[in-house]
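Letters A, B, C, D, E and F name the chains as they come in the text, with residue numbers starting at 1 for each one.
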Amino acid sequence: MDFQSLIPELAKGLLHFTWGNGVMILAALALIYLAVFKEIEPVLLLPIGFGCLLANIPLAGMTAAEGMLGVLYEAGIKTELFPLLIFIGVGAMIDFSPLLAQPRMALLGAAGQFGIFGTLMLAIALGFPLNQAASIGVIGAIDGPTSIFVATKLAPELLAPIAVAAYSYMSLIPIIQPPLMRLLTTKRERLVQMEYAPKPISKRTLILFPIVLTLTVGLLVPEATPLISMLMLGNLLKVSGVVERLSKAAQNEIINIATLFLGLAIGATMTAKDFLNFDTGKIMLLGLIAFALDTVAGLLFGKLMCVLSGYKVNPLIGAAGISAFPMAGRLAAKTANDENPHNFILMHAMGANTAGQLGSVIAGGVLLAIVSKLI
Amino acid sequence: MDFQSLIPELAKGLLHFTWGNGVMILAALALIYLAVFKEIEPVLLLPIGFGCLLANIPLAGMTAAEGMLGVLYEAGIKTELFPLLIFIGVGAMIDFSPLLAQPRMALLGAAGQFGIFGTLMLAIALGFPLNQAASIGVIGAIDGPTSIFVATKLAPELLAPIAVAAYSYMSLIPIIQPPLMRLLTTKRERLVQMEYAPKPISKRTLILFPIVLTLTVGLLVPEATPLISMLMLGNLLKVSGVVERLSKAAQNEIINIATLFLGLAIGATMTAKDFLNFDTGKIMLLGLIAFALDTVAGLLFGKLMCVLSGYKVNPLIGAAGISAFPMAGRLAAKTANDENPHNFILMHAMGANTAGQLGSVIAGGVLLAIVSKLI
Amino acid sequence: MDFQSLIPELAKGLLHFTWGNGVMILAALALIYLAVFKEIEPVLLLPIGFGCLLANIPLAGMTAAEGMLGVLYEAGIKTELFPLLIFIGVGAMIDFSPLLAQPRMALLGAAGQFGIFGTLMLAIALGFPLNQAASIGVIGAIDGPTSIFVATKLAPELLAPIAVAAYSYMSLIPIIQPPLMRLLTTKRERLVQMEYAPKPISKRTLILFPIVLTLTVGLLVPEATPLISMLMLGNLLKVSGVVERLSKAAQNEIINIATLFLGLAIGATMTAKDFLNFDTGKIMLLGLIAFALDTVAGLLFGKLMCVLSGYKVNPLIGAAGISAFPMAGRLAAKTANDENPHNFILMHAMGANTAGQLGSVIAGGVLLAIVSKLI
Amino acid sequence: MTANLLLALQITLIGMGLVFGAIILLWGMMTLLTKLTADKDSASDSPKPVSASETETLARAAAVAVALAMAEQQLSSAHPLKDPPTAIVSAWQLGMRTRQMAQKGYRLSR
Amino acid sequence: MTANLLLALQITLIGMGLVFGAIILLWGMMTLLTKLTADKDSASDSPKPVSASETETLARAAAVAVALAMAEQQLSSAHPLKDPPTAIVSAWQLGMRTRQMAQKGYRLSR
Amino acid sequence: MTANLLLALQITLIGMGLVFGAIILLWGMMTLLTKLTADKDSASDSPKPVSASETETLARAAAVAVALAMAEQQLSSAHPLKDPPTAIVSAWQLGMRTRQMAQKGYRLSR
């Protein structure tokens, strides 16, 4: 027994503290601050921030393979279980009837995914290898679980900055989108009123939709199956009306536990070594660009639909096609309403918004399919 | 990088689609239809059907070892954790006081297990090897978790058809039993009235029962210990009255999450290769026979008790001894009530029904003990 | 196939039953009795007792590596996940404002940990090796998860008696403490009244406290990080007020499931081989001494503060510094109130009591740090 | 095949025998258990005796009772997760209640 | 670098093409689905048509409705875990209800 | 043995020293924390001062307050899982509310 060595042993925590740890702890505190005091996606940024804090306390061992956060990472991130379980819960909270009532709104959900590919090109131009560039691009899905799912498969080393960018910017949408809306549309376009008189959607339709969608997307884009199928499973649990027990479990215990553990485990990957480099800065910047590109592409496509329809489509709903449900839909409706207080395009915007959710998952699957073949 | 190969790569989902996948997807849709529109055990058949759907989308990879459904299978089916967790919840929902008030009803819970062994003999006659024949026989336990537990140990390759048979036929009991009841009993027998004047059951008795039962069964049939002990643990959590927190957790989050995951993981074993063969058809048929044999044996034993007691026992309660709680008990009571609107034998039928639940687990354990020794 | 060997096979459960199993089953029944009829920590002692019952049913296989209890042990005890998850829930239930309102009460939370080290010395004197002696000492933390966490790291073979001692004696505190309080304090001391006029604690303070505490303790005692950080995470989830979803999950599903599984898995380690020896008896005795030493040290330190403050501090609150929240705090307040019905020192006692909770975790970490270096 | 069938028959005989044996043992155990424990605790909510000789009233009353029972069911299942009185929480609730008590006592006394 | 950018451009073209292709397919699928199933079941809670030509009333009414909706929200979210009518439980509830029924019928008939 | 006991004594001294050291540090940290943050936010629900010099009234009032606190406890714990106002859900509730609003506005305007 070596008793003399006790003293340095007892100060080891401080002795092993690096400036990198210090910077990362500041980053963790910033995330927690945003979550708690600015209420920016607190259910995710608070656990991520706390996980980051723990990962930067030297010798605590929580991020080691046998430490708690390491165990959670192995159990739920590496297996992709956590994002998929979250999707079951999200699916059980989504209402697809506005989209089913006006199926052509689906098109806007495709246009709003351009940011994914545009950002991928920019990332390649900045020198990122293809797998990393694709993972960065998928921030443009503007959908946390999709971004995490794709990044885990293609570039797990970038998981933390990608997740942080995806969730942080989500709350900045009310700041990012409105200027672009006003810049890219004319007053005449924003004043376009839309008639909302859809066929009623039967319960049968609502039940068949998640099943047929799973099959259609699954057969065309096998890589998108895990994400789309869990989203649709959650939705089926809800709309079927016969398994309220499971639907409630999906919306409560399953999503809550998965969210807490996912946040902690992702935050735990934010070590100085992996996070403190220029790449992280570039990723944060590219993520912001991805959000903007999505909005621009959605608006331009909206303008195209506006012209082609003879000014029957308000191009603002194009901005709702980016997913980010339901903020984007509400913003588009609000902007139109601000221009003319009698103009209500919320249901159209919500249709586009739900389509954006589906488009994001499909785009994520397409990206996975193409890129895993190429690398 | 091989860019030319992208096109076939992108159609790969459809290119790998086999007719077997098609048939299995139809089977999945049939299960979902039964669950949603016919409300046949929806909490299980809906996840099983959806799992089957996912298992037959080519290249989706969800059933691979590292896919979500593969992970769930390893974590909860192979370890038998899911059926056991479900049993904790079921135990917390069962009330054993009708059985404790009339212990001789227990005998009917033994008779109602004959279907297990009768079906085993038939399966042997049809050429199944012993381990598979025993697993098929245990459909006659008419108890989902018991069937799944035994099949996982003896013949995991038959898990899917056995689980599907066990849960599908469970809801057909109101169709299977009444004709047999009327066929095998005389009007005089069905008119037998039963006095119900039991001793009151003390809280102390209710608390000691699950503990003593676990010890008794555990020492006699060690193989039945996991099932019986988890059933009894759940019951003890409830009747003790001091751990309402844990009792509620067992009846809600634990059973709900385990049920959803169990259903998905079992459905995921329904691949064309394992499911589309004559054996599956034979198993479905044998399962139906098992249900009928249970009912017949229960009724015949009821008739025996009727005669021996000098027409003090209504033989219809024999049909309640098959488990399938509480449908079988209600059916027996209803049939007697239909014959004479003043004849109430529900409490006796419920006693037999609860005994059937215990008998099923014991029979499953006995079967495991004998067969694991012989193979 | 060897059919003749069936008969012994079928009696194997009874044939393998040893007197050790019998004694352990009696111990299990005693634990269940205490839990159910005496309501001594039922949420833990009931599952522990039931797990012990199952571990002593021969050939049931539930404690084997692939049995249910073995799987739970690997998944949650060996990884230390269960005690840490419980701590998230406990943290979400603690209110630190009484301590923050009177920070000097923290000192009493240090004094009340002397039992840990005092018992370690006694255990060494009784011949236990250092790792075991330290694990036994940590019963003096009077905090279940801390005891389990430290024992798992240092001497997992002693996990069961340590957990049983920790939880059983917790409920004996109302019997252990009052005589010591009266023995060690004079009437004049017990009559000391304390003014309670603290600054109001802002929400901002309550939010910063768990974060700063995690960092401070984590950097000083890395070994305490897992425990203290999960306690503080739970507290942050609650006080932040922005993630009620996660806070409720921590206080309900997470803690309930973890508690049930932890109890079962620990009970399952109570086999005759590991439990039935003189060491177990010694540990139970040492555990009792640990509780008494904590109380004595707390009271003596309280007397010191009393004298130094010129009889402004009632020494009874020293007994609340042992943790065992909130029983110890209430007992101290009650004893003072019994002496003078107008003397209310509850808020001071609660401050000392919460400090005891923190002190326990810190002492556990310090012990781990010192002992893992020495062995 | 015949050998297999014979084996299956043997399994059936032994199996059913064991199941009946175990169940008869349980019967005895339950009888003993109720005998040993029943008298000591009479304030239980166990089912009251229902004799089949009751008159027509029973059937009519039953219809009324179903409605009542369903309404009760509704009521009781409406709060299925109310905080239970177990140790983890009860201790805390005790503490919290005491604190509220102290504060309220203070406020009330003003 | 140029080669990489060219590749990225190709990925973009193919990717966006596939996304649009899949979405157009979904459009068709949804149109077909609503056509095939809509008429058979009209008792749905789908959104009623809202035309933009409504007068000022709409805006005023909306303000009232928000308050109502929020109150409803409050009410409906107050019991989020009431026991659901699914098979696991419903069977049990059925049994328990029947038992309560029998007991109450007995009591009522006295 | 003596060597071991000496070691144990050393562990105790160092251990208790470190525990006291850490706790004293926490004391300072808490004092600093409350100083730096307390004044900025006064609308907190922190405990009000309770002086021990209060008269008999306190004890009597306390008894009343316990009943009140317990009743409140009952009430507040009856809905322990009401949907919380966090981001996952609140966004959705916002959307749903808006939809209900639009529909109701429409209905009301008829």
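We take it that contacts are C-beta pairs under 8 Å (C-beta built on N, C-alpha and C of every residue); 3 or more make two chains touch, one makes a residue touch a chain.
Just so it is clear, the model here is predicted, and its values are computed rather than measured.
Chemist: Does A-E or A-B have more contacting C-beta pairs?
Modeler: A-E
Chemist: Quick one: which chain's Cα centre is the longest way from chain E's?
Modeler: Max centre-to-centre separation from chain E belongs to C.
Chemist: What whole-Å value do you get for the distance between chain A and chain D if each is reduced to the mean of its CA atoms?
Modeler: 46
Chemist: Approximately how many whole Å separate the CA-defined centres of chain B and chain E?
Modeler: The computed centroid separation for chain B versus chain E comes out at 32 Å.
Chemist: Determine the centre-to-centre distance between chain A and chain C, using the mean Cα coordinates as centres, and give it in whole Å.
Modeler: Centres of chain A and chain C (C-alpha means) sit 41 Å apart.
Chemist: With centres defined as the mean C-alpha position, give me the chain D-chain E separation in Å.
Modeler: The separation of the two C-alpha centroids amounts to 36 Å.
Chemist: Give me the residue numbers in chain F that touch at least two other chains, ranges are fine.
Modeler: Where chain F meets two or more other chains at a single residue, that happens at 7, 14, 18, 47-48, 50, 54-55, 58-59, 79-81, 83, 86, 88-89, 96, 99, 102.
Chemist: Give the residues of chain C that touch two or more other chains, as numbers and ranges in rising order.
Modeler: Expected reply: 1, 3, 6, 10, 39, 42-43, 98, 220-221, 242-243, 245-246, 248, 252-253, 259, 344, 347, 370, 374.
Chemist: For chain B, which residues are in contact with chain C within the complex?
Modeler: Residue list for chain B touching chain C: 79-81, 84, 207, 211, 214-215, 218-223, 225-226, 229-230, 233, 236-237, 240, 242-243, 245-246, 248-250, 253-254, 369-370, 373-375.
Chemist: Applying the document's contact rule, which stretches of chain B touch chain A when the two form their complex?
Modeler: My answer: residues 1-3, 5-6, 9-10, 12-14, 17, 25, 29, 32, 35-36, 39, 42-43, 46-47, 50, 53-54, 57-62, 66-68, 71, 252-253, 256-257, 259-260, 264.
Chemist: Touching residues of chain B toward chain D in the complex: what are they?
Modeler: Those in contact with chain D are residues 97-101, 103-104, 106-107, 109-110, 113-114, 116-118, 120-121, 124-125, 127, 130, 133-134, 193-206, 208-209, 212-213, 216-217, 220-221, 242-248, 252, 341-345, 347, 355, 358-359, 362-363, 366-367, 370-371, 374.
Chemist: Please output the residues of chain D touching chain B within their complex, sorted ascending.
Modeler: Interface residues on the chain D side: 1, 4-5, 7-9, 11-12, 14-16, 18-20, 22-27, 29-31, 33-34, 37-44, 46-56, 58-59, 80-81, 83-86, 88-89.
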